[in-house]
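Encoded as C-alpha cells, here's the structure I'll be asking about.
Order of writing sets the chain letters: A, B and C. Residues in each chain are counted from 1.
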Amino acid sequence: MELFANQVLAGIATGAIYACMALAVVMIYQAIDHLNFAQGEMAMFSTFVSWQLMQWGVPYWGAFVLTVAFSFAAGIVIERLLFKPLAKAPILTNVAGFIALYAIINSVAGLIWDFTIKQYPTPFGSSPFLGSQLISTHQAGMIGITLLMLALLFFFFRFTRVGLAMRAAASLPESARLVGINTSWMIALGWGMASAIGSIAGMMIAPVVFLEPNMMLGVLIYGFAAAVLGGLTSPFGAVMGGFLVGIFENLVGTYIPGVGNELKLPIALALIIVVLVVKPAGLFGRAIVKRV
Amino acid sequence: MTTMLNVKDLRAYYGQVQALHGLSFSLNEGSLTTLLGANGAGKTTTLRAICNMVRSTGAIEFEGKPIGTRSTENVVRLGIAHVPQGRGTFTNMTVEENLQLGAISRPDKKAIGSDIERMYEHFPVLKQRYTQQAGTLSGGEQQMLAVARALMLRPRLMLLDEPSFGLAPLIVRDLFRILGKINREEKVTILVVEQNAQLALELADQAYVIETGRIVMSGNAKDIANNEDVRKSYLGY
Amino acid sequence: MSAAEEIVTEAPAVEAVPKRAMTLGYGTSLVVLAALILIPLFVKNFIIFQMTMLLIYALAVMALNILTGGSGQFSLGQSAFYAVGAYTSAILMEHAGMNYALTLPIAGIVCFGFGFLFGQPALRLSGVYLALATFALATAMPQLLKLGYFEHWTGGVQGLVVTKPDAPFGLPMSQDMWLYYFTLAVSIGIYLASVNLLRSRSGRAFMAIRDNEIAASAMGVDVALYKTLAFGVSAGITGVAGGLGAIAVQFVAPDGYTIQLAISLFLGMVVGGVGWLPGSIVGSAFIIFVPNIAEGISKGLSGAVFGVLLFLVIFLVPHGARQIAIIAQQLAAKFKKN
C-alpha cells in the first residue's frame, strides 16, 4: 500500500509537467480548434531564450518575465506571418504547417545552442518537499505555478471582455464577427497566450528533464494526451488530465511486469484511448452536440 | 427624410454562381422596411452582402460613407446589427454572456449594465433565464435573445433575417410587436427579410420585392400589400 | 435557403472531392506510365532504387489518401501498418523461405485484418481523438517489435536481413531494375483497383460518410462497416507497400518504422493533395527528395530548410498538387478554345 501511495505521489510530481504543458495545449485549442504540433518546440525555444538571458547575467525572475513577454510577442508574430495566410486553407494543410514549424524551430535551436544537455536552474530549490523523497520543492513549486496559471486563465475567460470575445470567436466565428469581434486578431492573441503559457511550462520543466532541443518531444505528447483525457475544452480538465496521466504512467511502470521505460508511453496512451472510447469528450470536457 | 443606407447595383457571388444581379435600393432613416421574396430570391444574400459576408460588387453607402470594402466586424462597429438566419446564438454561453457579447465592440462600457436591464424589460423571459445556457432556450426565446443581443450594440440600423422562421404564430406576433416598438421608441432603422409577407407588410412602412436576385417592385408597404400580383404570389388571396 | 447559399456553411475537415476528380484522365495517365517505364532504362542503379522507393511510398501515401480523402478518417498510425507488412514479408521470406512475390498478398491480408480490427475502437473517435489513437499505435509499434517474446521471429532490435530477389527466367536485368518493374506492376495493379474501388458502390459509401456521416447513415449506408472497411483497405495497401519496402531495402528493423514515417506519409498526402490519388506520387517524391535537397542546401540547418520548403509549398498550393493539376486543366481548356 505504501508503494502504491508513493507511486501516486511520484505520479503527481511528473504529472505536474504534463499539466503545465496541457494548459498551453488547451489554450491553443480554444483559439484555433486544433492541436499545434510545434507547441513543444516553441516552449523549448523560449526556455533557451531564458537560459541565454541568465547566461548574460539577468536574474532568474527577470529572465522569466522577459521570456514570457518575448514568447507572447513571438506567438503573435508566428500566427500573423505563417498561419494567417493559411486561414482559408484546408485544416490538414495547417497541420502540415505545424510540422514545418516544428522542423524549423528544432533545427534553428540546435544550430544556436547545439544539442548538448544543459543544466537549468530552479527558483524553488530541489530539496525534498515536506520531508518526502518523492517530490521536491521544485516540483511542488511547479504544481503551485500551474494552479496559479489555471486560476488566472479561469478569471481571464470568465470575467474579462477580451476573454469573453475570445471564447465567442472560438465557438462561433461568424456570429462573433457579427457582434463586431475581430476574430482574426483573437486567433493571434490565442497564439500569443498559448506561446506565453508554453514558455512558463518550458521553464518549469527544464530543471527536471534538462535543457536541450529535443527536451519537449515526449512532454508534448503527454501534454496532448493529458489535454485530450481531461477534455480539450476545459483548462481545469487539462490540469487534472496531466496529473492523471502522470499517475497512470507511474503505476503502469510499477505494477505491470516487463514494461520498460519505452513501453510506458504506448500503454499510457492506450489507457487514454480506452477512456476516450467510453467518454469521447474527455473526463471534464463538455460534450458538444452538433446539429446537422 | 435622410437616406441611411443606399445600395447601388449590388451583385453577389457564391463561387461561380451569381446570386444577386444588380440590386439597388435605399432605406430612409427611422424607417422599417421589409424585403420580400420567394426561396432563393436572394434576400439573405442581400443582408450578407451589406455586412460583407459574401463576395460582392457594387456600391453600399451607410450614412453617406462607402462600406463595401470594410470587413464584417468593421461594418458592425459602425452601428449595423445583423440578426442572422438561424439566430447565431452562442449556445454554450449564458443568456447574460450573450447580451454582453452584443455590446462587446462598444466603447462606453458603463452603460452596458443598464442596457442589459432595458433588454430584460423588452423581453422579460430573458430575465428569468439569464444564468441559463443559451442553447437550452426554446426557439422563440433564442430569437428574442438574438434581437436583444443585436440591440445591445445600440445600432443605428438593424438587419433581421427571417425572424419568424420556425416560430409559433403567437410568438411571431409578439416578436413583431416588439420590433415595431423598438423602431418607434429607440429610433432604430430596421430592414427585415421575411417569408411571412402578410405580417411583414402589416409591420413595415416600406417594402421591396425581390425575384431571382433583382428588385421587381418597391414602394409603400400598404400599396404593395394591395398590389394584385403580390397578393397572388405572396399573400395567397 | 437556396442551394447556392448552403455552400457558404462551414467547410468540413476534409474537402469533398468528387470521385471523378480523384483520378487522372487517360491521356495524362499514359504519359506518366510511359515515363515510369522508360526512365529506368537510362539511369544508374541507385536512381532506379530511389524510383522504387518512390513507388513504394506513393502506394503508402495513396493508402492514407483512401482513408482520409476517401472516407474522411485521419491517421497518424500508417507507419504501424507499414511495419507489420514489412515484417510479415521479411519473416515469411527468411524463416519460411517463401517466394517474395507470394509474401505480398499475405502481408496485405494480415494488415487488412489488423486495420479492420483497429478500426473498430476507432469508430468511436474522430478528429484529434482519432489522431491521438493512431499516433499511439505508431509509437507503440517499434517498441512491440523490440519485445523479447517475439525476438526469435523479429530479430529484436537488430532486425532481419532480407535477400534481394534476382530477375526471374534469366532476364538480363539487374536486381534493382527487376525489383523496380516488379514494384511498378504491383503499384499499377493496386492503383487501378483503388480507382475502381472509389468509383464503386463502396467508394460512394466512403465519400458519403466523409461528407456527412449522419446523412449517410440515414440513406442506409452501414457507417460502422464502411469506416472499418476503409481502415482495413488502407492498412492492407500500406502493408503491401511495407512488404515491398522490406524487399527493396533488404532489411527490417524496429527503428525504421517510427512515428516519423507516419508523419512523412501524412505530409506526402497533403503535398499531393488530399483526396487526389495521382497526387500520391508527387507527395512521395516530396518526402523522398526534399529532405535530401534540404541537406544539400545546408547541413546544419537541414530541418529548417525542409520546414521552409514545406511552408513554401503549402503557401503556393494549399490544396497540394491537385491544385496544380486543376490550374493546368483550366489553362488547357482555355488553350483549346482559342
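Of note:
Definition applied: contacts are C-beta pairs under 8 Å (C-beta built on N, C-alpha and C of every residue); 3 or more make two chains touch, one makes a residue touch a chain.
In this text, all values refer to a predicted model and were calculated from it rather than measured experimentally.
Here the chain at the heart of the shown protein, by mean C-alpha position, is A. Taking each chain's centre as the mean of its CA atoms, B is the chain most distant from chain C. For the pair chain B and chain C, the distance between mean C-alpha positions equals 50 Å. Distance between chain centres (mean CA atoms), chain A to chain B: 43 Å.
Between chain A and chain C the centroid-to-centroid distance comes to 32 Å (mean Cα coordinates, whole Å). Those residues of chain A in touch with two or more other chains do not exist in this structure.
Contact of a single residue of chain B with at least two other chains is seen at positions 53.
Among the residues of chain C, none is found touching two or more other chains. Touching chain A in their complex are the following residues of chain B: 51, 53, 71-74, 76-77, 81-82, 84, 88-93, 97, 100-102, 104-105, 109, 149, 153.
On the chain C side of its complex with chain A, the touching residues are 11, 13-15, 68, 74, 121, 124-125, 128-129, 131-133, 135-136, 139-140, 143-144, 146, 148, 212, 214-215, 263, 266-267, 269-271, 274, 300-308, 310-311, 314-315, 318-320.
Interface residues of chain A facing chain B in the complex, by the touch rule stated above, are 161, 164-165, 167-168, 171-172, 174-183, 286, 288. Of all the residues in chain A, the ones that touch chain C in their complex are 34-35, 82, 85-86, 88-93, 95-97, 99-104, 106-108, 110-111, 221, 224-225, 228, 232, 258, 262-263, 265-266, 269-270, 272-273, 276-277, 280, 292.
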